[in-house]
Amino acid sequence: MLAGKDLSMIDALTISLTGILMVFTELVLLAFAVVIISKVVGAFSKGKNSSKTTDNTTNSKSDAVPLPETQSRGEIDLIDVSQEDAAVIMAIVSNKSGIPLNRLVFNSIKLLEEE
Amino acid sequence: MLAGKDLSMIDALTISLTGILMVFTELVLLAFAVVIISKVVGAFSKGKNSSKTTDNTTNSKSDAVPLPETQSRGEIDLIDVSQEDAAVIMAIVSNKSGIPLNRLVFNSIKLLEEE
Amino acid sequence: MLAGKDLSMIDALTISLTGILMVFTELVLLAFAVVIISKVVGAFSKGKNSSKTTDNTTNSKSDAVPLPETQSRGEIDLIDVSQEDAAVIMAIVSNKSGIPLNRLVFNSIKLLEEE
Amino acid sequence: MNFVDVLRDTIANSGFAILTWQQGVMMIVSFILLYLAIVKKFEPLLLLPIAFGMLLANLPGTGIMADPAGIMDASQAIPGARWYDDGVLRLIYAGVKSSIFPCLIFLGVGAMTDFGPLIARPSSLLLGAAAQFGIFMAFMASLALGIFTPEQAAAIGIIGGADGPTAIFTASKLAPELLGPIAVAAYSYMALIPLIQPPIMRALTTEKEREVKMEQLREVSKAEKIIFPIVVTVLCTLMIPDVAALIGMLMLGNLFKESGVVERLSDTAQNALINIVTIMLGVTVGATAEGAIFLKVQTLAIVGLGLLAFAFATAGGVLLGKLMYYVTKGKVNPLIGSAGVSAVPMAARVSQVEGQKANPSNFLLMHAMGPNVAGVIGSAVAAGFFLLLFGS
Amino acid sequence: MNFVDVLRDTIANSGFAILTWQQGVMMIVSFILLYLAIVKKFEPLLLLPIAFGMLLANLPGTGIMADPAGIMDASQAIPGARWYDDGVLRLIYAGVKSSIFPCLIFLGVGAMTDFGPLIARPSSLLLGAAAQFGIFMAFMASLALGIFTPEQAAAIGIIGGADGPTAIFTASKLAPELLGPIAVAAYSYMALIPLIQPPIMRALTTEKEREVKMEQLREVSKAEKIIFPIVVTVLCTLMIPDVAALIGMLMLGNLFKESGVVERLSDTAQNALINIVTIMLGVTVGATAEGAIFLKVQTLAIVGLGLLAFAFATAGGVLLGKLMYYVTKGKVNPLIGSAGVSAVPMAARVSQVEGQKANPSNFLLMHAMGPNVAGVIGSAVAAGFFLLLFGS
Amino acid sequence: MNFVDVLRDTIANSGFAILTWQQGVMMIVSFILLYLAIVKKFEPLLLLPIAFGMLLANLPGTGIMADPAGIMDASQAIPGARWYDDGVLRLIYAGVKSSIFPCLIFLGVGAMTDFGPLIARPSSLLLGAAAQFGIFMAFMASLALGIFTPEQAAAIGIIGGADGPTAIFTASKLAPELLGPIAVAAYSYMALIPLIQPPIMRALTTEKEREVKMEQLREVSKAEKIIFPIVVTVLCTLMIPDVAALIGMLMLGNLFKESGVVERLSDTAQNALINIVTIMLGVTVGATAEGAIFLKVQTLAIVGLGLLAFAFATAGGVLLGKLMYYVTKGKVNPLIGSAGVSAVPMAARVSQVEGQKANPSNFLLMHAMGPNVAGVIGSAVAAGFFLLLFGS
């Protein structure tokens, strides 16, 4: 639209104002869309018993704050294994099995040493 | 050969007959080839004791119907694990270890819960 | 430089001699560079206690010859598992956990058979 | 220049201002396909990318499939445009246009396919041939409609081959302008196999035929499995050279798998590589379905012709199965014939399900896998035949 | 020809003989970046390939970025040169020039992003918008300096978006000659987020504001998560069509993840595919930073303007967070506003760390993730706006 | 048009009708290579794709390597042909023609290589240099035969480098017409290393020399391993700029591995990426071996010259090893010299095996790995030297 044209500082300000306005308009629009989606989905799922459409319903009761999917639960004994190695192993098991980390419990991870 | 030409319905029929004939000729040819391959391979492997060249010979005796490679054997206890999660875990173990599922036995897969 | 020109055998010999000279010069240069790098790194790491910057320090004392990273330590019982399958499983565990094979001990790998 | 000017120009260039009704309709079509892919799980691996590509291509003003450089279509060329001025999806679409993507997908499919059941019972190949009947029926019907050129009719016929890559490979060469509808029809009907086939199978067979339990397949040696892909490549290509790329890649993938000496290549062919290509092929094939092109009576006709192709393919397979039932005096269950359409492995599962309905102790899956994989070769041969006749 | 001649010619063509001071300086710059990437672990996934590409491109006489065929830059064309005479990195760079690489990286990013926290609290989107303030401040400052064209100023502004692919996408379209410094600045400042943001955050908030514990986010259903990427694609693209490729790919990746029906595509998008593209994009973007181009006062200006962009972006987010604190009567902790710059997930972690400093029982991470991912959308919209205005 | 006409035309266009004797011979050659790859496990990762590509390219009438658009070879251009009319394998071959594939393979090789043993004993580099002797011997012998141009002679010489990517990189630039035979010879002899080297090693050493046990290598610090690839890149490229792409990518891969901060890139470089490229490079390199080109006396000469190159390379390494044995007063086992030809890691294993034959308690593997990886650098330098002299 303005490719190759020169701009005064007033132009620059005008463009910046329009730009930030556009960004806000777009993101406010999205915010409204999200609200509408949530309402519609909520209405639908209430119809057919809401528990079906929500994630992680199993732990929604027991926990005050649901754990993020990327956090595992419980304590874990690390025997000769660094925190990092343990995290890697847990992430692999979670990733490969498709079970979110917050539903898995690791009792212990032990690095075998020579007998 | 006929790119860009118009075709009558007779032409279309002619082409279709030739086409299905070609398909049958080709696949019959392949069927004969398979028979010949099998004969030749069989003759060769009889020479050097046939058991060497066949897959899965270990279970050829014990089972009436050899299990397909994608099916595991035996019963499995699923403790707090869905059928799907279990299948995934078994497939991973099989895939990663290179041992076909029909040669692996899973005794139980258990989802650890909080103690 | 000489693209498309004809060469006499004398030219070929000249080129070959220059070539092997270049290869030696370059690799001798690299050899010196390696020596310098090692000296500089050694001097630096001595400053801040050399044990920090070296790999595998844990096993440097106990073993006469440090195991290469691709070799695991200790004996392993293979029960109904071929050497190859075992190697694959060990490599997977090592690769996925990021722990070099020479720091892992496998006590046994057992193929489960029908009960 | 003032605030109002910039704002007005921005709005004038927004998609809201230039949305056509065709684009609106296509967006709705894409939502329906997304629904089918995600909620109904109809071939989601391809239908989801296709539907999303369709959505992107029908959002107005994006230029995401524009070709100002004329790379694919010289008639769209704008003087002075460079190759990198083309839309992102148009550039990725080069992989479809050149047939590289369908070939690489077949490489992965080959690495996932077990031809063991086919080798154990070579007569499977006949069933895989009979099920190509639908291709030629749809070809003739397309011509009879009078709205398609012979090239287009051939491309539409291949929908009946029930193999996505073969359909895309053929359409991109013979009728690139119909690639969108053909690909969507092919994948949709493949997903609908469990609905399309059973009535036809039941109508053409008796209860007694469906109850037949087939005798156990013999074991196939590793040597046979290794030699098979090489022989198929040679024989098919010698007879129909145009099929070399498709059959060659399929068989190379299978050789990776069966040879056992290149496990890392086999693994990559059936995972990283096929997934990457599937994403790119799916999105860009979907993006060819621009409203102005897609919303024609031709598309509706293709939808109908595709169904006809699948139905006759199923019938062809079942009827030859019936013949084999009589010839073998009841040793062949005609239900395995319908698996010859390919649509691996859904059609074989349909045979299994129908067999078990007639006789709960019946286990036809392995027996149906033979015709099922034979159908892949069969439709590639049919495609090669059309390419030989109509290719430039 | 004798031994001495060959040797002399070889030496005369060696790099030692033709090294310029600019190349020497750039090699040192590349060593510093390698040090930051490897020892300081500053965004190593991109900084390491970028730095190595910079090193390769500044070793003299290699021709590794040469373009004699004029594929990217017609002015470099040499008569008779074929496409394959171009340098290896120049050819791979085609993926950047065409925007294919940034789009594929966004595909992978989308497959790794969880928009749940944003859906649970839609007001996050406002914070993601406010943090784009830095983009426009840097745009104006760039113009005010008088050494940049409007196109260049816009590309520099997008550094403030704190998203590598968006910055590269925009720069490659509006100011390809500045791509090197812009990419390096963007990734460097993203790595420096933990140093840049905290002082600004503390300066603009009171202890009491920072102590606010926010109320638990509601659970988000799977259906909402699936519909979200589709709606974002449609709304953003309708309003700003130029953003279709970026937002579309980001949302397609997210749909792969959330739909749950194409796990193998989601897995490949966020692993093999994004890694392959990251390597190629990183090395070739770094290789655009040739000494003669890079060592200008402009580059120094870009470094300064980038920092300014990040600072104002942070301030914009925090200030709107402050406003929301007042409007909601203390329910919103303003510290989550700074996460709106994106730089996922570092900026959200900074919010978490600062929140916990003020109140050890504070757990802001999930609350900051909403603005954090909203910032990705926000800067893509801003980039689209600039492309609409200044794109050819 | 009637049935008989269509049938006759179809048969007239089939491969059976147009098969040449050269194609038949090449198919047999491809079967032999497949046999060696699958049954004898000779470098199957490359020999299997190469052999299959050779098979596909020699099946008549497929057009799978046709270049009507003249993309690679202007002399094949047909007026009006578009790029997408080229054969699938010809298009994929662009990755070889542009050197992108060999470079990406070296990236993966670098990520798999441990230069630790070389750093621990820098004198390994001398052995890696001495083993390049075979390259220059084969170069002179090729010229002496009088049937090769200097460019071709140089490309043939690099077979003696025993590194597939280096040989392909060099041949594609200096003698693309010989790429097929050169690649096949290089990979075949690499597979035959355990047969070629031992007699030469034994002939040139005494029992006493072979019994030498070498002293344990010192530990190498992480810092040394990280700095090494950077220094090699700078020094090699400054001296021989043409080698930048090969050495640069090799060292970038190694830096991925040793830096430890970009594990996902290292993992992808040595798995998905190298596998994808290996498939594409292997098949298309094999496909360059069309009968009419391959079946010449030149090919036979290349086979002989390649063997000569490997033999002299081995001898060169062992003889310098012998010299080091005397200089160090018996501390160096000359058997590790032969590993300097590269062919990683087979040649090092041969040293190990031969050492253990002479002295069962001997463990030379780690000591031979130093010269082994040095040989990779050495032959890349030699290749760069030839490219400097003969490159256009």
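First chain written, first letter: the chains are A, B, C, D, E and F, and each begins at residue 1.
Here is the rule we use: contacts are C-beta pairs under 8 Å (C-beta built on N, C-alpha and C of every residue); 3 or more make two chains touch, one makes a residue touch a chain.
This structure is a prediction, so every number in the text was calculated from the model and none was measured.
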Shortest contact path, chain C to chain F, counted in steps: 1
Of all other chains, the one whose Cα centre sits farthest from chain A: F
Taking each chain's C-alpha mean as its centre, the one farthest from chain D: C
Separation of chain B from chain C, taking each centre as the mean of its C-alpha atoms, in whole Å: 40
Inter-chain centre distance, chain C versus chain D - centres from mean C-alpha coordinates, in Å: 47
Quick one: which residues in chain D touch 2 or more of the other chains? 6, 10, 13, 239-240, 271-272, 385, 388-389, 392
Could you list which residues of chain B touch at least two other chains? 1, 15, 18, 22, 98
Provide the residue numbers of chain E that touch chain D in the complex, in ascending order. 71-72, 74, 94, 97-100, 103, 107, 226, 230, 233-234, 237-242, 244-245, 248, 252, 255-256, 259, 261-262, 264-265, 267-269, 271-273, 385, 388-389, 392
Once bound in the complex, which stretches of chain E touch chain A? 114, 118-119, 122-123, 125-126, 128-130, 132-133, 135-137, 139-140, 143-144, 150-151, 153, 216, 219-224, 227-228, 231-232, 235-236, 239-240, 263, 363, 365-366, 374, 377-378, 381-382, 385-386, 388-392
For chain B, which residues count as touching chain F in their complex? 1, 11, 14-15, 17-18, 21-22
Interface with chain A, chain D side, in the complex: residues 1-3, 6-7, 9-10, 13
Complex contact set, residues of chain F against chain D: 6, 10, 13-16, 19, 27, 31, 34, 37-38, 41, 44-45, 48-49, 52, 55-56, 59-64, 82-89, 91-92, 271-272, 275-276, 278-279, 283
